[in-house]
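Lettered A, B and C in written order, each chain numbered from 1.
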Amino acid sequence: MERPRHQGMAKNTSMRWRLPLVCLLWEVAMIVLFGVFVRFGPEADAHWEEEKREMNLTSDIENDFYFRYPSFQDVHVMIFVGFGFLMMFLKRYGFGAVGFNFLLAAFGIQWALLMQGWFHSFKSGKILIGVENLINADFCVGSVCIAFGAILGKTSPIQLLIMTLFQVTLFAVNEYILLNLLHVKDAGGSMTIHTFGAYFGLTVTRILYRPNLEQSKDKQGSVYHSDLFAMIGTLYLWIYWPSFNSAISDHGDAQHRAAINTYCSLAACVLTTVAFSSMLQKKGKLDMVHIQNATLAGGVAVGTSAEMMLTPYGSLIVGFICGIVSTVGYVYLTPFLESRLHIQDTCGIHNLHAMPGLIGGIVGAITAAAATEDVYGKEGFIKAFDFTGTYQTRTPSVQGGFQAAGIVVSLLIAFAGGALVGAILRLPVWGDAATENCFEDDVYWEVPEDEESDVYHMHNPDKPASP
Amino acid sequence: MERPRHQGMAKNTSMRWRLPLVCLLWEVAMIVLFGVFVRFGPEADAHWEEEKREMNLTSDIENDFYFRYPSFQDVHVMIFVGFGFLMMFLKRYGFGAVGFNFLLAAFGIQWALLMQGWFHSFKSGKILIGVENLINADFCVGSVCIAFGAILGKTSPIQLLIMTLFQVTLFAVNEYILLNLLHVKDAGGSMTIHTFGAYFGLTVTRILYRPNLEQSKDKQGSVYHSDLFAMIGTLYLWIYWPSFNSAISDHGDAQHRAAINTYCSLAACVLTTVAFSSMLQKKGKLDMVHIQNATLAGGVAVGTSAEMMLTPYGSLIVGFICGIVSTVGYVYLTPFLESRLHIQDTCGIHNLHAMPGLIGGIVGAITAAAATEDVYGKEGFIKAFDFTGTYQTRTPSVQGGFQAAGIVVSLLIAFAGGALVGAILRLPVWGDAATENCFEDDVYWEVPEDEESDVYHMHNPDKPASP
Amino acid sequence: MERPRHQGMAKNTSMRWRLPLVCLLWEVAMIVLFGVFVRFGPEADAHWEEEKREMNLTSDIENDFYFRYPSFQDVHVMIFVGFGFLMMFLKRYGFGAVGFNFLLAAFGIQWALLMQGWFHSFKSGKILIGVENLINADFCVGSVCIAFGAILGKTSPIQLLIMTLFQVTLFAVNEYILLNLLHVKDAGGSMTIHTFGAYFGLTVTRILYRPNLEQSKDKQGSVYHSDLFAMIGTLYLWIYWPSFNSAISDHGDAQHRAAINTYCSLAACVLTTVAFSSMLQKKGKLDMVHIQNATLAGGVAVGTSAEMMLTPYGSLIVGFICGIVSTVGYVYLTPFLESRLHIQDTCGIHNLHAMPGLIGGIVGAITAAAATEDVYGKEGFIKAFDFTGTYQTRTPSVQGGFQAAGIVVSLLIAFAGGALVGAILRLPVWGDAATENCFEDDVYWEVPEDEESDVYHMHNPDKPASP
């Protein structure tokens, strides 16, 4: 029996030539560019023995690999399992959530190694990479995964790859402006990753607005098992967030401190998320959407300040506030954004990344402005904010001002870049699905037969399924 | 069509005001107490540069962060993913298993940082925390997750939070008596975590005995996918247990040895679990309950002795025995405990934590009593048992005696504490579900509509489902 | 109502006495052999304090534990979660996939510690183990997990244990010939793990050929959720593969470099897998089988060369090629192997491990042959290929020749060993299932009732289910 679901599928969503062409051409481009530009950094190069002697290192354990590799692997899990599974809550978009996330991230990290490399690791014509570059590439792609959350289920894989290409580029530019020109601290990326990524994605989804999306409203929900899969994503993001925020901090106390602050903020965030999730429902029942998402807001919001002397109780306060802001956002703001501002935000990234990211930028600015030599120690103060060279005379309050400027720059580039990319993605050649086929895996995926018939059967219990 | 499932739900299970109130008040209390007491330890403080000089450390890699952070993250996964998913085997209690575990653990780690901090890290009026405190807080909460296993599906989230508050407190007291007063070794917590946690939980569930629980017998089983989700929990617990037992051992050989012993014990345990699971079934088929749980008993049972010179073959013997004890427990003891002693142990923690925990305490006492300078080396002997200062003259056999005393103390505090907490939880104000609604997510959770209708449909195939 | 599914089950598949007997006897044998042979290595022994002085180490952080333990845990996850879940794609064989993988790996690591210990860590009559031995044991078992992929769903747990016993033994012999006699480099095991494991498994499944396997064709597919579970396996293998290939490389730059090369190769592989998966389907839809498997081929194929100066762009090229080879293999080669050569390869290990493993061996030979002192530096060159002692005068091109010889040896031992083991497994006493019951958990597992009725119900929607 023919299933009627695809009758309205007038659009040509076949990826057969377009997707392979993009993937292959771009990968060839990566190979050429890597061939021209990318080499091993001194700590990964076989000349390391000589390097060690020059740097007067007595042991192999001083290789940056051992300082950062465990954190790198945690971050890697967050990008591929964390984001991939978190977005698996939709009842019929699990393949797309985890599969497209996989695709865009695998492409994105390569392009990010190049883009960030040109800006930050370029020496005598070559990009010299090490484990810190891998972490930064994952971070950069994290901002694309965030933006993907806003347009989840409504875009073709080609659109996602195009968005990745542009967003990684703009991320690197924004990051360069913040870290190098404004000399801003943002180890966990409240501004560079979350604020930028979220407002970029929200702008894109605004431009891709689909007026009749309620046609696929029934597919925008979850089923019992898809919510459980999504919890895998949530928990890995939650557990490894201390690694995320500490991964590229200075060796020693800064990494240590960043992990503790993040641990505290996330713990507090869970309590207020549960409180408000229950309070805002008439029957006081908990909503999995909140548990899956708002519990993570505390990690986002200490992204800038985690490596500073935020202190554990300061972290608890930030987490406390963000659990509330994020949960309230899911209940009241998301419907408002959709109905009034025509921003269709599938995963609610406005609540999980945009607002907490802004809060994180502000907390970072305040924490920096409030820094004193007394709290940090003379050496610690200089080291924490890197007040050396040109920045030797910068004061904490000036630093706070530059931090705040970093938020504004991130927002501006996000809006402008999102508008540009949204406009490109609206071109009718990328094979996106018709509105009635959104949030539906079988537009782009071979979906196993018998479970489909099962679902069909569920929706039409009076008719026999055809196995 | 009205589903008849909730007709008998006379009890008021609405959490709308009670749960938010508890969460918010307690989190505010945490913030205040952290504000007064908790500060960064020297290795996480920005003064670390000066500290390093004083301690004569030449490299940042000497920061305890690099010795323990990878193990910490593994333990963190065990608490939140391991326990959360292990308890997901029930067919309709997946949200509660993973969600309530998340809630109680997020609260518990904060309270544990304080309680353990007052006992162990209190200096000049402040609790100074570092990565080891985070691990210990996770450990402490591990004992609550264990107790949760006994009452899974029968308690409201408020009851769980109250139990967490008390259990963490008692855990810290018991731990202080064992580690500081009795000078007992228990790095992986056979006594402090498993014996204490399990007998505490079993006492609580005894007091909360529900006579007619067989009414919800059909919901106490698993379905195919819930068993697969539970295996995620099992495997992460099994894989990371070597990190658990070595996480707070002395730097160097002790951590190394603890990991190897645990690896060996767990491997042996799998073989005997499979053997007895097959042997005790008439048709010789394997039971997922055993594979999910009894395979982990070997990790519990080397919790005390893993950092000692137990030797790899000693570990295999312990694992061998515990796989058998635990599997036999699931087949014969759990039904007996329920029918005769009125101990309703949802997850069978008596088999996975209580008995193996006791065995672990005993193995630890014997291993300590059998220690010789020959086996450990002169320095190694003193270091392994910390026979310095007041304990300079303690002999191995005396140490063995104190280890045994540690078991008894843990049991006594578990029983007394469990009785007290059980009595408090029986008060009729905490919103626990009626017996016929136990093991059912939709008492406390918004459950997605269409999958419910699916389940309904499954149970009533002759009636049409209402989507 | 009696289900008709088992009518044809003439074979005696009861494991009641056979499986327990094998498990218990073998575990007792392990205990005895460990008791006689296995002791802690110097870095895990309590005499470490003295050892440290002798080796002139100033800090505990120089213990190999801190160089390798994080990688070890990642590899451990790959073996138990990675392989276990990857094989969970079959609709009704999830328990078997993850459970039997658990069983064989838990036995295999013990036997591997002994076998590899006798060859590589045997000193004065004892096998001295440390974290590197644990990694190598996991590696060895990895080759068994690969072979398991070929016979998945068609063998009894006893057959798997027997295969494990023999394959671990042969693995250790092959590894000894390659690493010690031929002095070949193979840190990530393209030859020793993948080529050997895959061709061994393919030979076994050829000999166990079942002519009427299409009888259970409907059970050889996936369902929606089983594909999502399988993605957990895929992603953890993909994410942690850089740890796999770098886990036993030399400290410092070699580990660092191996991780970077693997990261790059895997990223490129995803793009070409997606390209060809889409291109080779008439409608251009992506196939989860390819995404689950072929995306990993890039990790296999740099297994030999990752620790060499392959360079990031070299890694991209290898990944690029392998994504294509592997995907094309799934589409064209697997059906051909089954219909013409009677090789029934359940998981398609020929595409994921055999061909990429061969490519990896060849890439390793070429990379070694092309090595120059200019690229590696004088010291780095000697260190990378261990051209010391007897091998002081070996040239890169000779090394390349020996590398190539390593491939041939691995193939020969795989074919001969697979034939032997296949013949043993054909004996009619091991309780394997009848062909019509292949790929079906309830032959060896207690399967929860109501979900079975659900499945039954799905397939026979016109008849009522009996809950």
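Keep in mind that, in the parts below, contacts are C-beta pairs under 8 Å (C-beta built on N, C-alpha and C of every residue); 3 or more make two chains touch, one makes a residue touch a chain.
All values reported here derive from a predicted model rather than from experimental measurement.
Common neighbours of subunit A and subunit B (chains touching each): C.
Both subunit B and subunit C derive from one sequence, and where they touch, under half of the residue numbers involved are common to the two copies. With each centre defined as the average position of its C-alpha atoms, the distance from subunit B to subunit C rounds to 32 Å.
Within subunit C, contacts with two or more other chains are made by residues 61, 66, 70, 225, 232.
Across the complex, subunit A is touched by residues 14-17, 19-21, 23-24, 26-28, 30-31, 34-35, 38-40, 43-50, 52, 59-61, 63-66, 69-70, 73, 76-77, 80-81, 84-85, 88, 94-95, 98-99, 102-103, 106-107, 109-110, 113, 129-131, 134, 157, 225, 229, 232, 442, 444-455, 457, 464-465, 467 of subunit B.
Note for the complex: subunit B touches subunit C at residues 61-62, 66-67, 70-71, 74, 91, 218, 221-225, 227-228, 231-232, 235-236, 238-240, 242-243, 251-257, 259-260, 263-264, 266-268, 270-272, 274-276, 278-279, 281-288, 291, 295, 309, 311-313, 316-317, 320, 375-377, 379-381, 383-384, 458-459, 461-462.
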